[in-house]
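We just call them A, B, C and D in the order they show up, numbering each chain from 1.
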């Protein structure tokens, strides 16, 4: 067996090992990433920068632990930014499995800034109905969310006293693992004129760029790349240390690169020694 | 007229916007009946070769020669999914051949109703081949409806029993690549078929033959070697031709500014 | 690299959970090397737990809420001379009856023919359910979206339709025609009556080439999501279990 | 044995559901709703059969002391742990999957097992790509090029100059050729599904009843 044959028949366990190593090293040793911040992410960051201190922001937390690898870093970075700027945060969710994740994260970050639940932020929890929920918040939030996630009546929550509908928010942020951005663009922006910033997963992001072009979205953070860019911006602006997205992005880049290198190696072997066709070929040729 | 009458007596109304769907359905049923009638009158239909299907016999033969088993999975959906139904009809054809050659057939099941159906179907196939004595009901077994627990268990069967031939037919989710790669690593001949568009690429790269989308549905007819069932493929081709022509002419007219074709199918509202 | 080792305490209530989850995680990963006793253990445990969980969910979400509760409510209503209670009683009993037909091959092989009725009902009904939506979503919507794109490149056509915006760019026209040709050639590939010869061969070949680009694209797009899942598991092992913070 | 009865049942059951799609008629619509709602009860019944099959398989292994029979004990252990905590224990108002012990089992056993199995895909996708993506033919070359371009467009591995347009190229491949290929497949699938469904309803395909070749 010469080298070309070997290149074509690397044992899959070596591939597994390489994958494991290229992913684990960046995770154990995250470096601040030298990436160019894309326009949609910069716009999102700047729009949130422009929220005046003391005003309110609505966050629609539409992802569960299944998509946290891609969306949680953005969510965290944005929470840091908003608390840093002394902005009040109202969180709702359209996903049944999201409230716990939202709660844990909010608690963790709000304590760093000495922010009080009910005064500086509130988690109103989950309501089924998707676009109907988004639409009804245009008339009266108190009606659709009569109590917060822990069952406390909204009338008794100081923060909620002056918040009734989209007019009371300087900005609406949708952190979405599905198509909820569509509802917010149609309803919150289209029907009620709210300003909108969104973050979405890699699979969905392509569907939302047209909204950005049409100015229906003021900013869009896409997938893990977007999250890493956002962490970069937060590092520059507030000295916040780059977190999981940056580490994850490095691991992603290395993993993609490793796969491409393996494909190239296999093809080098193949072209150096064109062997007779194997059964695999026929299945692709059929 | 008839509907006015129905409306008057029973207050039955036609739901709005279903016109185009109804038209397609009626045309298709007409084609189905027309070709079925031709088949009953003794016409035989020519169908082009489908690579993955010609390999079915060869793959079963290989398992027989090697004295190893065949593993067949009907996918990770319930009996209410049409792809599962198609897979069950293919299973019956495969089971007949396995019965004929005396090759062991294992069917790990995801859904209990599908398991019961598979047991009955395989049993009938063995009965028809006169091999009921070699039918082993316990080879068609339930694992669990938890997606990845099912996957782990099937991987276990693959790696320990080392079947010579693996059929992956039906609807699959993310586990498609886990199953197909493990099957590949044990050197089994793998024939896959699914209409899950997102999983097709993974079968294409890991399996020897892949039935793409409609080919899965054609497979049961093709393998039945029964002209009245094959006639349905002709009806499918008729439907395809109709849509093809509609799309072709429609796009020319639409390009030159007409919305007629779009409004026929309710796409311009 | 400075490590701040904070291994989860196996004796604390949360720690033991983390330890168990970590061992199970490693057990699954060990399959990558080869089949081994730990993987066998984990696989069998998973099947047991998974099967048990389905039973628990089926009991609480299906049987308790859709059979027992309505039966109770229905019987109570009937006792109070409320005839609407009957539907609450009859509906679940009917469903249970059909469900019990499935048992006959096991408990009474002579009544196996009854099972065939249950199968016929289930398959017939669910075939029927799918027909309308399949025609509308898989056939008509696909054709109309292809035409929509073409309509958008024609100012006249777009003007007559409220939902379509006119896109005069030449790239939009190119894309619309690309998709049209792709769909038309792809469909020719799927014709079963046509041998792939002559013009058909060229069209079918173009069709399969476009299918292949689509498959490659889906494959490439999926990599990121899968790697994210792995990152999540490795972070669990490094951070939650080993308490390793780089 | 005649299959006439079951075939009639399949026909009527199917036509009623088709009718429900097209017609607005109270009794029919509520019947259709009934079928879809109560199918889950039938399915729940079937789980008993499934579990019986699982038990039979593993009890058989235990009885015959087959290779690896000890692992069957593990399966039973897992099964009964879930059943006992999920069906027979209450803690205050909490039962079933909400019971803390059942929830603990779910979070610390089932969830990590599922997530890890799922994550194995990251490894398998790499080995499959390496093995299958060889430029053997035009089809295989396009498959491999499309995959690589999309991967490169996803993460910033190559930057600067021409490579800056990779994300755009990726998006074009996904939006245009990928869309065309999905549509062609979907139309074919639609016809295949419709044909299979109608074959069942009209009794042309009767394999599931046995004796398909009369």
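The definition used in the following text is that a contact is a pair of C-beta atoms (placed from the backbone, for glycine too) under 8 Å apart; a residue touches a chain by one contact, two chains touch by 3 or more.
Not measured: the values here are computed from a predicted model.
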Most remote chain, CA-based centroid, reference being subunit D: A
By number of C-beta contact pairs, the top two chains: C-D
Centre-most chain, if every chain is reduced to its averaged C-alpha atoms: C
Centre distance in Å when subunit B and subunit D are each reduced to the mean of their C-alpha atoms: 14
Mean-CA-position distance for subunit B and subunit A (Å): 38
Subunit A and subunit C, separation of their C-alpha mean positions in angstrom: 23
Distance from subunit D to subunit A - Cα centre to Cα centre, in angstrom: 27
Residues within subunit A bordering two or more other chains: 12, 16, 19, 23, 202, 223, 252, 255-256, 259, 280, 284
Contacts with 2+ other chains: residues of subunit B: 18, 21, 25, 80, 82, 85, 113, 116-117, 120, 143-146, 148-149, 152, 197, 200-202, 204-205, 212-214, 218, 233, 236, 240, 243
In subunit C, residues with contacts to at least two other chains: 28, 31-32, 40, 42-43, 46-47, 49-51, 53-54, 102, 116, 119, 122-123, 126-127, 129-132, 134-135, 139, 143, 145-146, 183, 187, 190, 211-212, 215-216, 218-219, 221-224, 227, 229-230, 232
Interface residues, subunit C side, partner subunit D - complex: 17-18, 20-22, 24-25, 28-29, 31-32, 40-60, 62-63, 66-67, 91-92, 94-96, 98-100, 102-103, 106, 113, 116-135, 137-139, 142-143, 145-146, 175, 178-179, 181-183, 185-187, 189-190, 207-224, 226-227, 229-230, 232-233, 236
Subunit B to subunit C touching residues, read off their complex: 18, 20-21, 24-25, 45-48, 50, 79-82, 85, 113, 116-117, 119-120, 143-146, 148-150, 152-153, 155-156, 159-160, 197-198, 200-202, 204-205, 212-215, 218, 233-234, 236-237, 240-241, 243-244, 246-248, 250-251, 254-259, 261-262, 265-269
List of subunit C residues in touch with subunit A within their complex: 1, 32-33, 212, 221, 223-225, 227-232, 234-235, 238, 244, 246
Contact footprint of subunit D on subunit B as seen in their complex: 10-15, 18, 21-22, 25, 28-29, 32, 36, 78, 80, 82-83, 85-86, 88-89, 92, 109, 111-113, 115-117, 120-121, 123-124, 127-128, 138, 141-149, 151-152, 174, 177-178, 180-181, 184, 195, 197, 200-202, 204-206, 212-214, 216-218, 220, 224, 226, 228-229, 232-233, 235-236, 239-240, 243
Complex contact set, residues of subunit A against subunit D: 8, 10, 12, 15-16, 19-20, 23, 35-36, 202, 206, 209, 223, 225, 249, 252-253, 255-260, 262-263, 265-267, 270-271, 277, 280-281, 284-285
